[in-house]
Amino acid sequence: MKFKGTVTVWLKESIFDPQGAAVKGSLAAMGFKEVENVRIGKNIVITLEAESPEAAKDLLDSMARKLLANPVTESYRVYVEEEKAGAQR
Amino acid sequence: MKFGVVVFPGSNCDSDAYHVLRDVIGADCEYVWHESRDLSGFDALVLPGGFSYGDYLRCGALARFSPVMDSVYKFVDEGKLVIGICNGFQILLEAGLLPGAMLPNDVLEFRCQWVNLKVENTSTPFTNLYKPGEVIRVPIAHGEGNYYAEPEVLDELERAGRIVFRYVDAYGNPTREANPNGAARNIAGIINEKGNVLGLMPHPERCSESLLGGEDGRRVFLSMIKSLETGAFLSK
Amino acid sequence: MADTSQKAPWREMGLKDSEYELIKERLGREPNYTELGMFAVLWSEHCAYKHSKPLLKTLPTEGPRVLVGPGENAGVVDIGDNLACAFKIESHNHPSAVEPYQGAATGIGGIVRDILAMGARPVILLDSLRFGPPDDPRTRFLFGGVVSGIAGYGNCLGIPTVGGEVFFARPYAGNPLVNVLCAGLMKHEDLHRGGAYGVGNVVMVVGHSTGRDGIHGCTFASDVLGEDSESKRVNVQVGDPFMEKLLIEACLEMMASGAVVGIQDMGAAGLTSSCAETAARAGTGLAIDVGKVPQREGGMNAYEVMLSESQERMLLIVSADKVEEVKRIGAKWGLHAAEIGRVTDSGNLEVFHNGKLEASIPVSLLAMGAPEYTPEAREPEYLKKTRNLRDEDIRAPEFGELKDILLRLLASPNIASKEPVYRQYDYMVRTDTVEGPGKGAAVMRVKGTKKGLVFTTDCNGRLVYLNPAAGAAWAVTEAALNVAVTGARPLAITNCLNFGSPENPEIYWQLKEAVRGMGEACRVLETPVTGGNVSLYNETDDQAIYPTPIVGMLGVLDDIEKRIDPGFKRPGDIIAVLGKVWGDARSLAGSEYLEIAHGMVAGDPREPDLDLARGIIDVLTEGAGEGVFSSAQDISEGGLLVALAECCVHGAEGARGCAVSPKALGCGEREDIRVDGMLFGECNTAAVVSFPADLEEKVSEICKRHNVPLSVIGSVQGSSLAVETCGGLRILEVSVEEILSAYKTGLEKSLKG
Amino acid sequence: MKFKGTVTVWLKESIFDPQGAAVKGSLAAMGFKEVENVRIGKNIVITLEAESPEAAKDLLDSMARKLLANPVTESYRVYVEEEKAGAQR
């Protein structure tokens, strides 16, 4: 079966996110005063073959641990959905 | 005639441009703080290289919202000259003053090196002192100089002679090997329709003195001065 | 506050029982938890130099050009024209081993703030790197991360990274070395110091807000901080180069405004060390309130604020009447500039939290009271074996093998071009780089003068491992010759002593010997030590690194137009060796050749002939000044043959080949000479120069005057590197294309495996 | 009311994503042969005050259009959820 996995990667909460801070500053300067906080992370979408949703999730988890996220500074989450032919992102 | 060099938070080639204009060429030149809104004293502006706002989010994306940019739009409307170098080019793209956008270098690394450029259009206020088709040597230093635009936009740029500089080999051919970052059609620099806004990734200010290994860049600034003095290639 | 008498929290913080007792005795009471934390960080090896101070005192630190020696944030050297250069090298090894990108990035951030603290504008960076074998996946991960971290931070700051080193060897596998040198320029009158002078002056924190980052995990005690601090604990700091760039501009503007009485970076141990050190230097006290420190996250206690290592912050001591000016400049650059306390005459560092006294410690005790240790030193066992390298242990290569050996040496990642590294660094920004990375030492112009500044970092850890005193002396000598082959005069050094655990007597012996060798070389070459850094405990699972005392050297060219470089210039030029090439088995000790061709790390490196080195430096600088030399290159890794190959690689169009015969070097006259020793020996006090034939007499006259042997060995010609024996037999010919291809692709190939 | 908005930003499908390709290559080299495609995007999380979910969404949409995504190369999507005190990411 084919799956679409999404791994979201974030700087750990206690680590200052300079990008987010700079974007927040610009948003404020542009008049978006409602903004309280901005954090920027990565979204990695991987289409892959696997036997089952669980197997896909395990694979993605292992990719995240080994390559996609740096455990020292980042945390990650894995989501899996079945890929339907012609599905819209 | 007076040049302004805009200083955004994180600009770092501002003093290089200033040095070349004032100390090497002897032009009248002043820094313009990014919060300034009055550009009335200036005839030409340099948006310098560097990492404005850390290049966070996207290169040039945050600088485009600096207060000075409102006045830059007016400045451009008035037909005055604006040159964006490296990060300055990225800011011009983000600001919509030039078409297209930058992607990360296809090598996925920052690249600092000398490249060969072909001067494709010498009928501009920025290149009128070059010979048509001349190949010059200029340094680049960027992580995101992979120029992108829709094919129709690229065709239009070609047709209108708005591709001013292209990455080429020593013989002037725009080969894949000569392209350091994957830019569409080897584009290194483009000009706006009106012909008064130039953006380029290479750094002419880094090769304006022989001591630094080459002087091919100096004529960019001298061309601007000549245009401003004579009115040649200036739109009104 | 937790009752510290119940357990022994100081042990978790890294203090010995005896140190805790000393604190109690000198304080006259038990320190509370916050105070203990402050002692723990300031009395750490990193901050207090407990094991190295007695040794460092033996290094020569004075000279007519030294304006500021060790003790301040960086050394400062007079370079003439009322200008001064502040420079220093520092390590960030341990953070880089954990998170290479951020470790290297924040390493740049830290050393840049040290230079800024002297009042100089930081203008130059060099990086000296050591990794494990390139075919190890861990090495590739570390290498990639470190290089992009340096690029990411340095490029954003707009400070060119103009040189450095990369060396791969097994002992660095678990413990890479990331040393970064920064240099800055200023006018003499702009010199600032890190002192909290003037009772009543205001203490300010400028730059980033303070968060919980970098507070070392082991210094947390859960009963004090509660469960949820566990998840918040992060020991790696994330750099924000954009903030650092603003900090540089803002601090320079603040200093120029005349508001700044004292300035100090906040590096290791953050607020604690910067407060204690500034007060100690000035003989004053400080009273600060951590509640006034801009905080990133709410609810930080005094302990956390005092120990935070949040990056991109500076401590300023400001005249009371200029505080508003500093705040205005801070606001202009979008930075915090917060008043946090005052300079007092109490001699104590008093820490309040919203008015409540949390800590009060005499600054002298905190900053200078740590004990000094002189541990046992014992000559390492391994030396018995490695020293014992005899002539017959090294199989002499057949002539037919020489070409292959040369090409393998050139492709060795330790010798091959480092372009895959430095092309990621913006080495041209600021438009002062006249000779960037790639050819040898970096040559920088100084705008508004005729001068050039020349920088290099050098150290061959393999040589130091085999003979610490000689190896460290070689590091100084090689650096000096690297500078001199540009035509510049070496002025002063900074150093970073990277060693294993000093509590191991064999390692302490290495350290002691290396410092002795370095000191001796610096004395003879008249290049005083203006500062540096010590990084100990570089080991994993009992595998210590090669002892690696890195030397960063500064030289000055009086006239930058008279510089020389390694590349041959004209066919027909005479090629000669200045100095002495031994050519015997011993000169192969610790050579790249021995490791690559014979798989051996062995031998007992000779000490450099320092008087000869001095002479060579005089010949090079004088000769360059008179314009006699076409090119010059020192002999180091890979020996004479690799030096010649490099002269070809960097040669001008049409002048890339040469034919040489080492006959004039004594081949055939001395019994102990062997071909591989002659061609690949590294421990030679020598340089290769080329010059037009009609200048031979002049060159020879200069050499005589300085007592330097001059041996003509061949000439620039053809398009290959050709070597003949004394008998006239051509034993080697390699085309320049083959040389270039091996040299240019070697590093990438070895990293790809 | 407080909201947590997420703006995901993607390179347009028609544009080659070299970073994604490089990650795919690394994953393959590490033995993850099941991977068919990798694309990398940004995840921008913004906490903000707004009157209603619709108002929050409008604000976020406007931020995305003006700043967070570059219309030449990128497309974006906006998601909004109410921020619960102490909610886990």
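Which chain is which? They are A, B, C and D, in the order written, and residues in each are numbered from 1.
Assume a contact is a pair of C-beta atoms (placed from the backbone, for glycine too) under 8 Å apart; a residue touches a chain by one contact, two chains touch by 3 or more.
Please read all numbers here as calculations on a predicted model, not as lab measurements.
Interface comparison, B-D versus A-B: the higher count of C-beta contacts falls to B-D.
Look at where the CA atoms of chain B average out and do the same for chain D: the two points lie 31 Å apart. The centroid of the Cα atoms in chain B and the matching centroid in chain C are 36 Å apart. The distance from the centre of chain A to the centre of chain C, each centre being the mean of the chain's C-alpha atoms, comes to 38 Å.
Along chain D, residues 67-68 each make contact with two or more other chains. For chain C, the set of residues that touch two or more other chains comprises 240, 242-243, 334. Within chain B, contacts with two or more other chains are made by residues 53-54, 56-57, 62, 65. Pairs of chains meeting the touch criterion: A-B, A-C, A-D, B-C, B-D. Within the complex, the chain B residues that touch chain A are 53-54, 56-57, 62, 65. Interface residues of chain C facing chain B in the complex, by the touch rule stated above, are 148, 151-152, 155-158, 240-243, 245-246, 333-334, 422-431, 433-434, 445, 447, 560-561. Within the complex formed with chain D, the chain A residues making contact are 2, 8, 10, 13, 20, 23, 26-27, 30, 32, 34-50, 59, 62-63, 66-68, 77, 89.
Within the complex formed with chain A, the residues of chain C that make contact are 98-99, 102, 208-209, 211-213, 231-234, 236, 238, 240, 242-243, 296-297, 310, 334. Residue ranges on chain A touching chain B, taken from their complex, read 18-19, 22-23, 25-26, 29-30, 40.
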